[in-house]
Structure formats: structure tokens, C-alpha cells
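Given below, in the form of C-alpha cells, are the structures.
Each of the next two complexes has subunit A plus one more chain, namely subunit B in the first and subunit C in the second.
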Partner chain A sequence: MTMDRTCGDPVLVNDWHIIADLTALPHGRIRMARLLGVDLTAKKSETGYTVKRLDTNEPVAATERYGFLWACLGTPERDIVTIPEAAETDRHIISGGSIGVRVSGLRAVENFLDMGHFPFVHTGSLGEEPHTEVQPYKVHLTEGDEVLATECRFFQPAASPTASGGMMVDYVYKVVRPYTVALYKSNPVQPDRLDVIFLFVQPVDEESCIAHPLLCYLKDGIDAAGVRAFMQFIFGQDKPILENQLPKRLPLDARAETPIRADAVSVYYRRWLRDHGVTYGAIPARH
Partner chain B sequence: MLDQSRNRWHPIAASHDLAYRHVFHGQLLGREFAVWRADDEYVNIWENRCLHRGVRLSIGINDGRELKCQYHGWRYSNRTAGCTYIPAHPADAPARTITNRTFPAVERYGFIWTAEEPSGEVPEIAALPEGDLLVLRGIPVNAAADRVVEHLKTYRFQPVGALDADGAEVSVEAIGDFSLTLAAREGASATRCVLFVQPVDAARSVIRGVLDKQPEADERIAVLRHHNQRLSALRETIEDAVRGEPAPAPIEPVFERVSAELAEMPQPTPHGRKATLRVEVARKWTAADGIAGFELAPLGGGLPTFQPGAHIDVHMPNGEIRQYSVINGPGESDRFSIGVKREPVSKGGSSCMHETVREGDVLAISEPRNNFPLRRDATKTLLVAGGIGITPLLAMAQALHNQQLAFELHYFARDEAQMAFRDRLDTLGEALRPHLGLDPQATGDTLSALFSDYQDGMHLYLCGPGPMLEAARRVAADRGWPESAVHFEYFKNTNEIDDSSTFEVALARSCLTFQVPAGRTILDMIRENGVDMPSSCEQGACGTCLATVIEGEPDHQDVYLNDTEKRSGTKIMTCVSRARSARLVLDL
Partner chain C sequence: MIKLYDYELSGNCYKLRLLMSILGVEYETVPVDFYPGREHKSAWFLRVNPLGQLPVVDDDGLVLRDAQAILVYLAARYDTSGTWYPRDDARLLGEISQWLAFADGITATASAARLHDGLFYDVDIDACRAGAHRLFRILDEHLWFGEQEGRDWLCGAAHPTIADIACFPYVMLSEEGGISRQDYPAIRRWCDRLKRVDGFIVMSGIFPASRARAA
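Up next, the complex of A and B:
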């Protein structure tokens, strides 16, 4: 069974992944977590955090960042993603609430990159019929080996908690790691600045994940609870759709599904996953 | 061991499971289906995943004619399962070949039957008369089908008419791999019960039972309850019996791959002016004064998916070829309906259709092509038809009406008797706005009023006689409609074609260069040089033989491109247009 397969992809094993929101980890209490098919226990104590494998009782690398507990099953080869906006004091830096989804985390990332579903899944907030067109946008690979989609524009009736009325919203999407994606969208109050959402997806196993959104929203006109409520409202709409995708793992074969021009960033993402040898949570391409 | 034969028919739903506008989630041998009945009663059994991103279609919306995916709003047609609309690209007609996998559906004995690759017909059940049967509630069981059949041999029930007694004699009359027939007798009462076991997956089944007679109305509920209780009890017995046994691994369904061309960005398939379909004239009737309606039904098999605005080439018995718009509403996919106006000076096309072609005749037609696609992201759509120009707009109007989008259909005709397809028009309600008996001046004034309040997001579709289209396009431009919001289709190109020039054409991708002499078209020469190129009307009206110009200045002689497109010099209709420059380089 695919659910039991542990991960052999170095790019994932030797990277950091969130395994818990720290607010859900009371002092002294042991918490169970599962990462890449491996059961873990996490414990907070005076000296810091201890994360151990349940099967071998061996400790794994653990650290804290952005209000989350992170673990690495192998040897960390690079640091946790740096988010400059998270250091800006006029922003709320908060978790949007961790949400479990019974689908491959790669599907969750792809959904996060997708504008075409806004009018149908987020009706009345992020999109609304008849405004369904996805205009051409640009996708390229950055020098830092990230997939960047720019000049994304979409009509949104209520793009964020502070938006009043419909407007064309500008988006930039960035896939930073296989299970990490970010979006930058125009702030309705300060149009020259961008609200930032990082989605850190914890691959629980190949067919389920927990999405941990980190929100870096400008404080202007909105409180933290409002930001979080909006995120949960939106993600709650995505969850039932994602859990009805067949197969649950993301197919990397170019002929498994039917891309259209609006999916340029997904096409790029899937190719990029192939190039990076990501197989966990994916169905490999046929040759 | 579970027989996983893909050729065997199984019931996967009761007929009553397919409620009005519902989509039923069916399963057989590990494969899921989206099962839905269209308003025309056709039962669709499809692979339960949208071809785009794999979302289950059983959570989609059945609007009676099409199934709409919940994720991105893709629409799939009743019967053909072809995609008819992709909202993310409202200006494009989706490639016809985006077609979901379908499975055969037969409705018999109160059930919906299917098979992956059936051989033969749905099995004849000797014990069951056609007609008055009572279908029991399906009982799911967590056990393999062969284990269920084994236990069902011990099923005990009372015959209809003797429910209150408890001593019926039950005998097994017939038994197969997935079904058995039981007979219960008590005194004068006797009832046959046929039980089918649907193998849902390796370790899951559904018992689908049917009785050979419909009890009296007052006894019906009691009979249903009787079987429901006893089968449910048997279910628990079976599940207890298999508990602890190693469960067989679930069957992994194999999803077919999409075609290589679709895996890349969709491109139209190149083909010439081919008549690949054979149809029979199933019905011919007078659709209005001087307009004949034709219903064209396929000879065996189905028809390809059409979209509103699409046309077909009809190859006539006298060798003429003409283009006619498909007037069907969404989901009417069992036959194509067209309207043919008798032209006073017919060159042999319309007169042949009116006088020679009769019901029962076989005609050759092309696949539908859509060079007049309908956007469905308009805040409001105006459809303006003149005379027989109603045909593509009628298909559009029915699609917009079905999706409850804001639109008006303005129909200019000489009088009531000249309005074609009245029955279809009447379904449009308030959206239909006839304008009868207007002279050119009054027509112009009416158009001027209609086009007076353009707002961003509105779209206009025009089809009618040349002079009316010219006038309408002029009025729309005067009233501030941008060219990108004005879409039109001419019946024919009335421009005098000047084919006296001589020039050179290079096909960039094919690495070919040739001369186009006076009297020959670019299209002729492309084909003569062995490059396949689709075409349809071949007079610069339909848009099928469009090519992209990389270099050189086109001499436009068509009526398909709008003025902006013509000025841009990047597109050319290869059937009539030529070159002003000595050389043209085309992206072919």
C-alpha cells in the first residue's frame, strides 16, 4: 500500500518540514505526528524540543521557526525558507490554522497555484461567474531554482477581508520547495504593497497531508482573527474538492490529465518535480 | 477467487437511483463511475474523474443536458461525454477530442447495467418477466462477491401475500457466479426473487434483488421492509463469517492516458475537407416559410461533440458541399439538427436539400467545427439574427438559457411565418425579441437603440445577410462597442475575389516554398505540396483554413477576420486571400 511507503527522495528526506503548530504543543505534553510515512513523537521541555521516531526511538533534527515545530528525518542540507516579510513589524505573522487533507500534498500545492477554480470553488470571494477567464501569465525558473509565475491577474469580488467590491487582483506565485509554495497578492488598502501567504505542506504520507499556512498580512484595517478566519473559510472550500481527486497522488506523466493554457504553472511545477526526483506523493511518469 | 472479467455485465444501480438531475456514484471491480440520466432519459456512465484534474464527476452538477465539473466548471455533453466549454478560456472552442471515457449502459429489470468491455447482451433472466417487477433496496456487504453468493443460497423469505406466516419453502432455482434465483412458496402464494451480486471491489459487494411481481400498493412497503430486514441480517452473518480472513487487496483501476496531442496545449487536428460521418435524414420538416429543417441521425455509433456556434459541411447527392450551423441545444447529442433556406438563385445547394433530399436518405457530413465560439463570461450577451442567420445564434441562445446567463436574442424576420424553429424559440421565454417586417432604415434605427448602452463585459454575436451585418457592425462601432466584443458570422463571402496576383509562399515549419500562380489559391498550393490543411466553406466565410502569417503582407479578401485582425497582418484565410508582398511566410 502506498500509504505505508516511506520516502526515499533525498530532496525531501534531507529537508525541513513542519510537523506541528507550536500553539498545539503544550509544555511537557507529548504529541504524535507523522511525516513522510514515519510516526514521530514531539515533546517540548525546558531545553527545547525533542522529536523522536516511534519505530526506532532515535531522535531526529528538530527546530522552531515562524511559530511552528520543524523536523528533518535525514541530514538537513539547507535551512528553512527565509521570508523577509515575516520580519516586517507592520504585518500580522500568524498561522492560518493547520488543515488536514486526505490527498497528496503535491495536489494541495497545485491547487494553491490555480486561479481557474476561483469562480467555482470560492464563489463570491476569490471569484465569481461570469468572470472566469484566466489571462495569459508568465512562468519561469528563478536563479534560486524556484518556479515563479508572474503577471497573474484575476477578477475577485472580495479578494481579502479588507476588500470592498470586486477588483482585478494581481498575483505572483512561487514554488519554493516541492511541498512549499507562496503567493503574493495586492493589498486592497495599500495597493503598492503585497500580502504574502506561505503554504507549508506537511507530507503525512503519500496520500494525505496537513497544510500549514503562514500569513504575512499588512495590519492596516484588519485584525489577526479576521485574517485567520478568511484563510480557514477559503481552505474549507478547497478541502472537499481536493479529497475528491482521483488518483490521490499527483500524476507526473504528461498524459495523465489534460492541461490547458491556464495551467502553465502546473505543467511547469510537475516537470520541475520530475527534474528534482520527487516521487513521494507522486505517480511517476511513464516512459 | 473473484472473477474480474471485464466482459461481463453487472447491475451497478437501480433505475430509481438515477433521480432527476442527480449524479450517482457507481462502482464495479474497483472502478468508479459517475452515472446520470439526462432530461432526454439517456443514461450516461462515465469514468468518475474529470479529464482536467481528476476530480470526481459524481460531485458535479447534472443540469439535464450537460455535466459540469465542480472544480473548474468544465462542461461535458450528454451522451458523447465530450467537453463543450472551458470557462478559463471563454473565447476558445475546446478541442473536440477532450472526451471522457464512457461505458455502455443498459436499463433492464429495474437496474442500470454496465461492463468495462462487454461481450454480448445483458443476460436474459428466464425467471423475470419484463415489466412489473419490484426492485429491492441495494444492500452493501463488506465481503467478496463469491462469498456473498455462497451465503445467499441460505436466504429465507416469505412470498408476497404470505408475509405474516413463517414457514415458506425456499428453493434455489438457478445459480451463477454473480446471481441466483430463489423461489418461496407458502400455500397458494409463490414469489421468485432474483439476487444479483455486484462486485464493487475485491472485498466489497452490493446485493441487488428484484421480485418477479409488484405487490398491491398497500402491501408494497411491507414487502420491501421484509426483504430489507432479512437481507440486512444476512449481511451481518456474511461479514461475521469473513471477519478475520485476510482481505484481498483492492483492485487498482487503470486510467486511460489522454492522447499525446492533448497532453500538450490543445491544437486543432489538421484535416482537409473530409466527410467522415454518415448520417440518415431522420426527419425533414418545414421549419418556417422557405426553410426546411433536417434531423440527421448517425448510422451506427454516436456523433462527435458539438459546441454552440459550430457548423457541419453537408455533402449533397449532387456533389455540392454547403455549411450549416448545428441548431441543437446543449446535450442534444443523438442527432444534429440544421435549417436550410431555399435560396432564390440557388447554385444547387439549397434546392438539392429542399427538393431532392428526403427522409431516409443517407448524407455524408464533416465533423462539427466551431469557428464562431460563444464566450460565457459576458455580463450580458446580445444575439442578433437576421433571417436564416438565426441558426448558430439559436444554438447559443439555448446554451445561455440552460446556464441561466443574461442574454437577449433579437430576431429580425420579415414576418411571423418566417421565424424558424418556433418550438425551440418558445423555450427561451422573455429573452426572445422578434423584430418583424422592418425596412433597412427601421432595422438600422432598432439596432442603434439596441446597441446604445454598451458596458464593459458585454458581448455581441451577429449572424445574418451581408448588408445587415455590415450595418450592425457599423452601428456597434459608432455606439462604442470595441471590436473584441463584436463577433460575427457571414453566410457567404460576397466580395469579388481577385485572384490575378502571383507570389511566393514559404511554410516555415514544413520547410517548403512554392509559387501561387494567378487563378490558384494558397490553400490549393499548400495541399498540392503535400501539407494537410483543414477547410470548409472555401470562400472566406467560415474561418476553418486560418493560418498565422510570420512575414509578408496579406491581401485580405475574406469576411471572417475583423478589421483589427486584418490590419494586424498576422492572420490569413488561405482559401481566398493572397499577398500584396512578393512573399508570405506562414506558420505551417
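Up next, the complex of A and C:
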């Protein structure tokens, strides 16, 4: 059973992953979590957070950031992703609500990167027919080893809760870690600034995940609950699509699924996963 | 105007939005941050509904809770066709009430399983799924025999009633709780029929019927 396989990929084992929203972790109560196929217990006390493996009762590295509890099963080789926008005081910095999805987290990241599905899955908000064309955009690797897609443009009838009509929306996508992806999107009220969504995906096991969206939206014209409601409205549409994808793991073989030009960032992402030795939640490429 | 205390991902809130859309009733929503904010358990909301549950409507000062009760009220008050809750048909009213109670059973099983899988509610997931399958089997047989008799809907009428609206959402969302509808072909056909009713709207997780007319 692939669900029971624990993870041996150093790039994942030695990195931080979210395992809980802190608001769901009351003082003194033990909460179960599962990360990379390993069952964990998490507990909050006066001195901080304690996360232990259920199988060995050994503690693992744990810390809090952005309102979430994070854990690392191995030895952390780098810090949690820094989000400069999360320090800007004129933004809501809130969780969109952690939601479990029965699919590989890599599929969830790839779906987040895809504009082609907007008119069909997010009809009337992020897209609508006949505006179905994904115009060519650019993809490259940053100096920080992130996959960056720029010059993404798409017509959206209701791009955000504060949009007052259809508009061409500019997007930048950035894959920062194998299970972490960010979206920068023009704000309808302040067109020169960007709303930011970080999607931190917790790989529960190879075929299920928990999506933890961190929303960094300009406060101008919208309250926090409105931002959160819009995120859930959109993600609730993606969830059944994701859960019906087969295979549930992401194939990394270039011949496994047929991409079109609009999928350039997905193609890049899959190659980047191969280059970083990510096999957990993936179907490795044939040689 | 009717005020609906609403949460987008709630099937019980959706069934009210659906009926009001079909009836052409105007309403405004008060979004309640059900998850993760738990605003339905906040002090201000408990004054609206001491049970701490969604949905609630406020129609010109009449505050009503309970999705099924609100369906009864909305149809009895606003349905000019008189078909969704026929007030003078004793037999049909009995059947409708029977299926409204059945809808509560679907909420307690299929909806609970969905909350477990998606939002991490602490419930006995195996019992929820088994309970949902038991209800779906009963529902599927009832609909299948109905089709043999030329009955398209839950109750013995030539048109849908609020019983169909009440049972529909958490049947349609069941796969999010790990409950497949593969073995219930009559349920699937009934869902497609409901999706073709004039005024039908979707919610996140429920998609419209395909454009091609079903055979």
C-alpha cells in the first residue's frame, strides 16, 4: 500500500511542514497529526509546542509561524519560507481554513498553478467562456531555486471579493518548495499592489494532503471573513476535481500525461521535482 | 428582505439558496465564518440561534432555524405555484415530512463524514459511512421503483417538492466524505433531473448538469 510508505526523500524529510492551524490546538490538549506517512502527536503547553512521533515517542523539531504549527521529521536544512508581505500592516494575514483533500499534495500544487481550468471549474468568478485561452507566459528558475511563472494574464469576471466587474488580471506564480506554492495577483482596489496567497500543503501520506492557505490580502475594502469566504468558495470548487484525479499521485514521467502549451509551468514543476529527488506523492519517471 | 445567515460550503445553507433561486425570492446573506472561525458558536450568533447551528433566516423579524423547517416556511409562504409544499394535500404533506426527516438522517451520516474528512471533525467515520450507505440504498430503491411507476421525484407527485431539495445537497457532496454513489444509479438519475429544474443553482462542490440533455 502506497499510503503506508514513509518518506525517504531528504528534501522533504529535512524541511518544515505545517501540521496544524494553531487555532485548532487548544492549550493542554493533545492533537493527532500525520506527516509524510508518520503519525504525530502535538501538544501546546506554557513552554511552547511539543510534537512527538507516535511510533517511537521521540520528539521532532517543532515551531510556530504565520499562525500554524510546523514540524520537521529530520534535521531542518533551511528556515521556513519568508513572506515579506506577511509583515505589512495594511494586509489581512489569515488562514483561509485548512482543508483535507484525498489526493497527492503535488497534485494540489499543480492545480493551483493551472489557469486553464478557471472558466470550467470557477465559472463566473475566476473565468468564464468564451474567455478560455491561456496566453503564453514565461517560466524560469530564480537564483533561490524557485519556479517562477510571470506575465500570466487571464480575464476574470469576479477576480476577488472586491472586484466590481470583469477585468484582465495579472498573476505571478512561484513554487518555493515541493509542497509550497504562492500566487501574486493584482488587487482590484489598488491595481499597483498584489494580493498574495501561499498554499502550504501538508503531505499526510502519498495520496492525501491538507491544504493550508495563508492569505495576505490588502485590507482596503474587505474584512478578513470576506477574504476567507472567497478562498473557501474557490477551493470548494477545486476539491472534487482534485479528488477525482487518477492516478492520485503525480506522474513525473514526461510521457505520462500530455501537456499543452498552457501547462508550461506544470511541465517545469514536474521536471524540477525530478531534479530535487522528490518521489513521495509522485510516480517516478521511467528510465 | 429575507436575511440568510449563510456559509458557502454548508449543504444545509445551500438548500435554502437553491429553493429561493427556484422560487425567485430575493434575499441577502450574512456570511458566518463557520470554519475555521467557529463564528456559529460566538456570543452574537448564539443570540440568533442558541443551538449554534446554520442556517437561520430572518424574514421581517420572524427568525427561523433548522434547514427543513425553513424550507417548509419559504415554500408555504412564497411558492405561488403551490407545488413545492402543497398545503391542501394531506397525503403529499405526510410524504414530504417523511423525507424531510430522512434528510436529517443524511446530514447526520453523509454530511458528518464530509466534515470529518475535509474539516477534521471528530466523529466515528466508519459508522457515518455505513449509515449513509444504508440510507442511500433505501433512497435508491425508492427512486428505482418510482421510475418503474413513472414517478420522477421522491413524493407521489408529477413535480418535485421540498423533499427533493432537502435530500439533494448532502447526497451530491457524499464523495467528499468517502461515500461513492457508484452503486446507486437511480440516485444519480434523480440528481440529474433535479439539476435541470428551472432556477437551479450550484454551490462549491456541486457542478451543473452537462449541457447535453440526458437520455
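Simple rule for what comes next: the second predicted complex is superposed on the first by the 287 of 287 C-alpha atoms of A that agree within 3 Å, B and C clash if a C-alpha of one lies under 4 Å from a C-alpha of the other, contacts with A are read in each partner's own complex, and residues count from 1 in each chain.
In this section, a contact is a pair of C-beta atoms (placed from the backbone, for glycine too) under 8 Å apart; a residue touches a chain by one contact, two chains touch by 3 or more.
If you're wondering where the values come from, they're calculated on a predicted model, not measured in any experiment.
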- Query: Is A:185 touching the first partner subunit B, the second partner subunit C, both, or neither of them?
  - Reply: neither
### Task
Quick one: classify A:129 as touching subunit B (first), subunit C (second), both or neither.
first
- Message: With both complexes superposed on chain A, which partner does A:261 reach: first (subunit B), second (subunit C), both or neither?
- Response: first
Touching partner for A:212 - first (subunit B), second (subunit C), both, neither = neither
Message: One more residue to check, A:24. First (subunit B), second (subunit C), both or neither?
response: second
Of subunit B and subunit C, the partner touching more residues of subunit A is B
Next on the checklist: Tell me the contact category for A:177 with respect to subunit B and subunit C: first, second, both or neither.
Outcome noted: neither
Message = Tell me the contact category for A:102 with respect to subunit B and subunit C: first, second, both or neither.
response = second
If you stack the two complexes on chain A, which partner ends up touching A:249: first (subunit B), second (subunit C), both, or neither?
neither
Interface residues of subunit A shared by subunit B and subunit C, listed 240, 244
Within the complex, subunit B is touched by subunit A residues 110, 115-117, 119-121, 129-134, 240-241, 244-247, 251, 253-262, 286
Seen from subunit A, its contact residues with subunit C in the complex are 21, 23-24, 95, 97-102, 225-226, 228-229, 232-237, 239-240, 243-244
Subunit B contacts subunit A in the complex at 32, 48-49, 51-56, 59, 70-73, 86-91, 98, 255, 257-260, 262-266, 376-379, 405, 457
Subunit C contacts subunit A in the complex at 8-9, 31, 33, 35-37, 39, 117-120, 175-176, 178, 203-205, 207
